[in-house]
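In what comes next, chain A is part of two complexes: it sits with chain B in the first one and with chain C in the second one.
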Partner chain A sequence: MIEPVTDLAPITALGGTVPRSEIFGALTLSENAGLALASLALRKDQEMPKPFGLPLPEVGKAVSMGGLAAFWTGRGQWMIEAAGRGETDFAAALKAEVPKACVSEQTDGWVAFDIASTQGAAPIEALMARLVNLDSTGFGPGCATRTGLEHMSVFVIRRSEDRLTVMGMRTFADALWHALAVTARRLDD
Partner chain B sequence: MLIPHPLLGLRDSQEFTYFGDASLMWRPDPEAPEAEAAFCEYVFLRDNPAGVHRELWFHEQGDRSWLVVTRDTTTHEILGAELASDVKGAAQ
Partner chain C sequence: MTRLSGGLIDRSRPLNFTFNGISYTGFEGDTLASALLANGVQLMGRSFKYHRPRGVFAAGSEEPNAMVELRTGARQEPNTRATVTELFEGLTARSQNHMGPLHRDFLAVNDLLSPFFAAGFYYKTFMWPKAFWEKLYEPAIRKAAGLGSLSMLPDPDDYDKGFLHCDLLVIGAGAAGLAAALAAGRAGAEVILADEDFALGGRLVMEGDLLDEALATGWVATVKAELESLPNVRIMTRTTVFGVYDHGIFGAVERVSDHLPTPGDKVRQTLWRITAKRTVLAAGATERHMPFADNDRPGVMLAGAMRAYANRWAASPVKRDDDAIAIFTNGDDGHRTALDLIAKGAKVLGVIDTRETAPKFGDYEVFAGATVTGTKGRLGLTSIEITRGGRSEWHSVGALGIAGGWNPNVHLASHHRGRPVWNERLLAFVPSPDGPKGLIPAGAAAGKGGTAEALEDGMAAAIKALAELEISAAEISLPKAENASAEQVAFWHVPGQKRAWVDFQNDVTVKDIALAHRENMTPVEHLKRWTTLGMATDQGKTSNVSALAVMAELTGKSIPETGTTMFRPPYTGVSLAVLGGGDSGPLFRPRRLTPTHHWAAAQGAEFVEVGPWMRAQYFPRKGEMQWRESVDREVLAVRAGVGLCDVTTLGKIDVQGPDAGEFLNRIYANMMGTLKVGKVRYGLMLREDGHAYDDGTCARMGEDHYVVTTTTANAGLVYRQMEFAHQCLWPDLDVQLISTTDAWAQIAVAGPKSRALLSRIVDDFDLSNEAFPFMSCAALTICNGLRARLFRISFSGELAYELAVPARYGHALMARLMEMGADLGVTPYGTEALAVLRIEKGHAAGAELNGQTTAQMLGLGKMVSVKKDSIGAVMSRREGLAADTRRLVGFRSADPQTQIMAGSHLFPEGAEQNMATDQGWITSACYSPHMKGYIALGLLEDGAARLGEVVVAANPLEGQAMKLEVVSAHFVDPEGGRLRD
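Moving on to the complex of A and B:
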């Protein structure tokens, strides 16, 4: 009989036992390991639902309410986020809210890095200008989009003037951290 | 080069992948009596115009939508872009 393995230790997408966090001048880059994600896609002609009372955002926008948030990912499609619920079956909870829609688990597919600025919007916009080909001044609080970053496909969400989240594919966690960290470190050069 | 995405505004063409002639959207009816000839044309024959061309672009690093982009093949000027689902919906 095979002995059950009881000494498994959970690790984050970057391989650590605790989420990584690092400060670069005015910017703090931190791994958000607890974020639960599930995608929601409407069926044809389905009415717009309000999962957990959350109003789903318009094209290119993001909304948040308490520990929940949603951003638009495509026509009739959104990603729903739940802070601190990464280890729960969030997709099942969402499916129970919107039984007619298509729901897919996404937590294990993505890694989320939060970027916070202590000096307002300027460092966030300077970082964006170096990393993504988007109009960073037009990408204000409440905007979210998918784009390319160093050949990786990422979601970029402007949470507020001084906060930005970048989500990339979990298998690229190290490469994405590297891209963000190197750019943030060189902002003052 | 920027693609005027109908929902998202001007976006970098590097976010897109090019698929080809927009006529690929109109797959022949396999039940039709002339289906074999129609499929031969559909699969192998393409117009190759020097000038205005309608073509399919996929917004791969974006909202994953298919667009019908009108482009001048001699100048690479992008003359317009529509959602392929709208183009197909309007035709049906």
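Moving on to the complex of A and C:
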């Protein structure tokens, strides 16, 4: 448990005091309020760093190691994720790790919805087919991309066969949850 | 009842339905059309223009006549084709386009007036008096014409959308499509097989032909079972591929629950966007007819459709079993219908064959070298006139099938301007070789409509398509089949004096085409528009080629010389609801909520849409009767004490790197690289053409770190422009950008008591004017350790700050500031007060930065630095812009309580008001509680030199005009002392 840094009480992107989670048949949608995010962009001629020992992934890919993960977001750019550290100054920690690189705090720039399936890949892929124009056969575990979802810009990360994370702009959290939940509910019907 | 034996209907599952209030029974597997025919119902509707009685004409989606209003209440849907409506228990349908009962339509008087309703009559009639068109003629015509009616109730059903990807998309599941899908499926390719029908098989299940010496249904079932067992094959029935779009994307609508009484928990339809690497177009062919006199009576239909009703649906086209059926044909295909009907036990009068040497394939009479030259029967066919060798005689029949040849369904192959090619042997247009890339027509759609050749062609198309993808597909063992004889002659219509319908749905006759020819509307595009041929909901599927043939005959040209019609999406009608893809009302588009949204909602705020954002517009208090009371109170609270406003919506862009300063120098018109760490500067960006683009602040948070703010409206655009400049214009600069708009909740704390309020929440931070003067910025902590950013900037003209914290704390910060500032009179304010405050201070905003204004016009000309180059700087100095004398000034009304209208144009007093005397316009206007009257900002020629002058603000369109005094744009604290104290 990380000690609170302030006497102000945070709310989640969906406006709750606790993250929202809901089950739709084989799929569970969960708001991941604890995920810390910081962007990392290399400066010119900077060698590829390994922040916290994490090897930075190739184009269109994601990696994870312990509570840390990274996915590619652009040429020489990655988003670094740290589980359970949403209320800490993770950007500062990352900057200390790679002082030369450009680091920006992104934790509250995004809302992360984790989607887990109890019946393998099929429900995840059915959900994807309704929402994003990605060929799920070419979007297996370890893939990540930025795409459009109901007019919103999102990151989609295939954590494993049966787990997917969709990250949208935090201020769109309600609209994104609505899109995911309605689709998941329809798949359950 | 005229139900025949056999068929693919489930007689153990009867279904009750009503048509025009009369109850009937059909079976599972029936369409509404087949069930009505089986109940002896021929009359199904009235025609569009002449209100002629009409019956079913086809057996598929090409149907021009049998259109009904399906269901009731909010689900009532007009113009639904009975031929593709699956029967369900409790189905309710009504015929449409008639006044009074269907069998006695009062508007049938139009038929008597038909000489006046010829092609082009709308263009020639009702021209005078002009004013009558909108109020009298058009409403009357619309009431009399048109098709079905809308319920005018909101659609109660849900719609969905989705995306699919495949190696091979097979469009159509007939002989060619099934062979293609099976070959590709066995090769392991990702296959989607789509068919608009609810059953697989296409014509295979509508013909009596044998596959491997058994009914084709057996082979279809075997193939279906195998395809269903293959995980790489997705079968999509009830799915119409309606259009081909760029990059191999196909639009398709799946009718998920149109075959059910109500969708229940399901969606009604799903819009699929299918990205296919290759496509086999196995869409089959549509039969055409041969127009002859009075050919539109119920009971006259396509011979192939008659065959389909008999074989698949066990439905006879006649009202009574003992009514005879005749076939009118120009080739061997018509004889197949006669044979199938005889095999089913129907009574066949014979085959009227236009060929002198007509063959005979069975025990029926052949009228060789004959044509049908007339029909009788008010509400349904009772007799036909057969003419041969100049001699005519009438025969009693209850139905007449017409076989005029088959047109390949080239529609989708034409969607990328692939022009169909005439094939003289087939007497039909076949798909262009220049159609959509990666699309291979096969089977009947490619002019290979014989069963054996369609099977072969479908398989070959799949193997060829997959070879291009380097997927090796083996030949499959195809069932033994034959190619029915397709011998025919070019016979297009029966000449005569009476009306002969070409396009049934739009009531276009051979005479109309002849009239179009006489009036020189001979190019096919003109013919279409002049006569409206092919422009009804069926898009002329059964009429286009016949019309071309008639026009070719009239012009003495060949059919390909006459032209061809181009097809555009959609192949069949697609509802707007499914194109909308789901959500409606407030959920129609995603909304962005500010970090304090829930707090503001709890305070009873009124919200306003600002692009995708929902922003608090004002916070009404008890007793405030109208919005201005709330806004005035909020404005005065800021000017006298302290107010809070969520300004998170302003764009925030993190700019980092050793070249960040240089990059910003090139982005902003003014100098930014010289900004000191811990300082903020107002910045102005220009467009490439030199006009003002966006404004905001730029804060230097560290040596290599700047935070740029943009207006709410331009947040995305500015970020995009900066990325473009970074990636494409100056890739050599070592700079990195990322949006942080959502990451930080930003709250404006404005008013003379703002410092006092903030001092209560900051952790050990010196807010004094000396330590943190106007235009300072700092990273600090507040509320016992929370990281935050503080900017001393002002939009209101008062002492003011903007405080940013990680977004999740915005809600609590707002509540804390309200709590801590209670004794200071702290007041939340919304966008209305924000706007009043900035107009009072003379700050430009969206209304002034409208893309037509320059830095000079806004009084910011000196900001465009001449010491450096920046985007738009050179263009801003061009004569056309630099010589513009309009300047932003303020205005006060002679009567302070008279509202000034933004958008009014400015004219000299006493001058005539026209374009030549126009001197500018009012950009923003409001009631100023500070000035106790209406004030405005506007752009006026030589504005800066005209303070004190009186001008007229006018809206000549509405006859409005009012006198205004030109004043400084700064109504509040023009010296700027307040924000610096």
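Keep in mind that, in the parts below, the second predicted complex is superposed on the first by the 178 of 189 C-alpha atoms of A that agree within 3 Å, B and C clash if a C-alpha of one lies under 4 Å from a C-alpha of the other, contacts with A are read in each partner's own complex, and residues count from 1 in each chain.
Everything below uses one rule, namely that a residue touches a chain if its C-beta (ideal position, glycine included) is under 8 Å from a C-beta of that chain, and two chains touch if they have at least 3 such contacts.
Keep in mind the model is a prediction, meaning the values are calculated, not measured.
In the superposed pair of complexes, A:N133 makes contact with chain B and with chain C alike.
Contact with chain C, but none with chain B, is seen for A:D174 once the two complexes are overlaid on the shared chain. Applying the stated contact rule after C-alpha superposition, one finds that A:E47 touches neither chain B nor chain C. Measured by the number of chain A residues touched, the leading partner among chain B and chain C is C.
When the shared chain is aligned, chain B comes close enough to touch A:G60, but chain C does not. With both structures placed on the common chain, the touch criterion links A:G148 to chain B but leaves chain C unconnected.
Overlap of the chain B and chain C interfaces on chain A comprises residues 133. Residues of chain B that touch chain A in their complex: 7-8, 11-12, 14-15, 60-65, 83, 85.
Of all residues in chain A, those touching chain C in their complex are 5-13, 15, 33, 39, 41, 43-44, 77, 86-87, 89, 102, 104-110, 129-137, 150-152, 169-176, 178-179, 182-183, 186, 189. Residue ranges on chain A touching chain B, taken from their complex, read 59-60, 72-75, 133, 145-148, 153. Here chain C touches chain A in the complex through residues 158, 160-165, 190, 265-267, 273, 275, 582-583, 587, 589-595, 597-598, 612-613, 648, 654, 656-658, 734, 736, 738-745, 781-787, 805-809, 811-813, 816, going by the rule given at the top.
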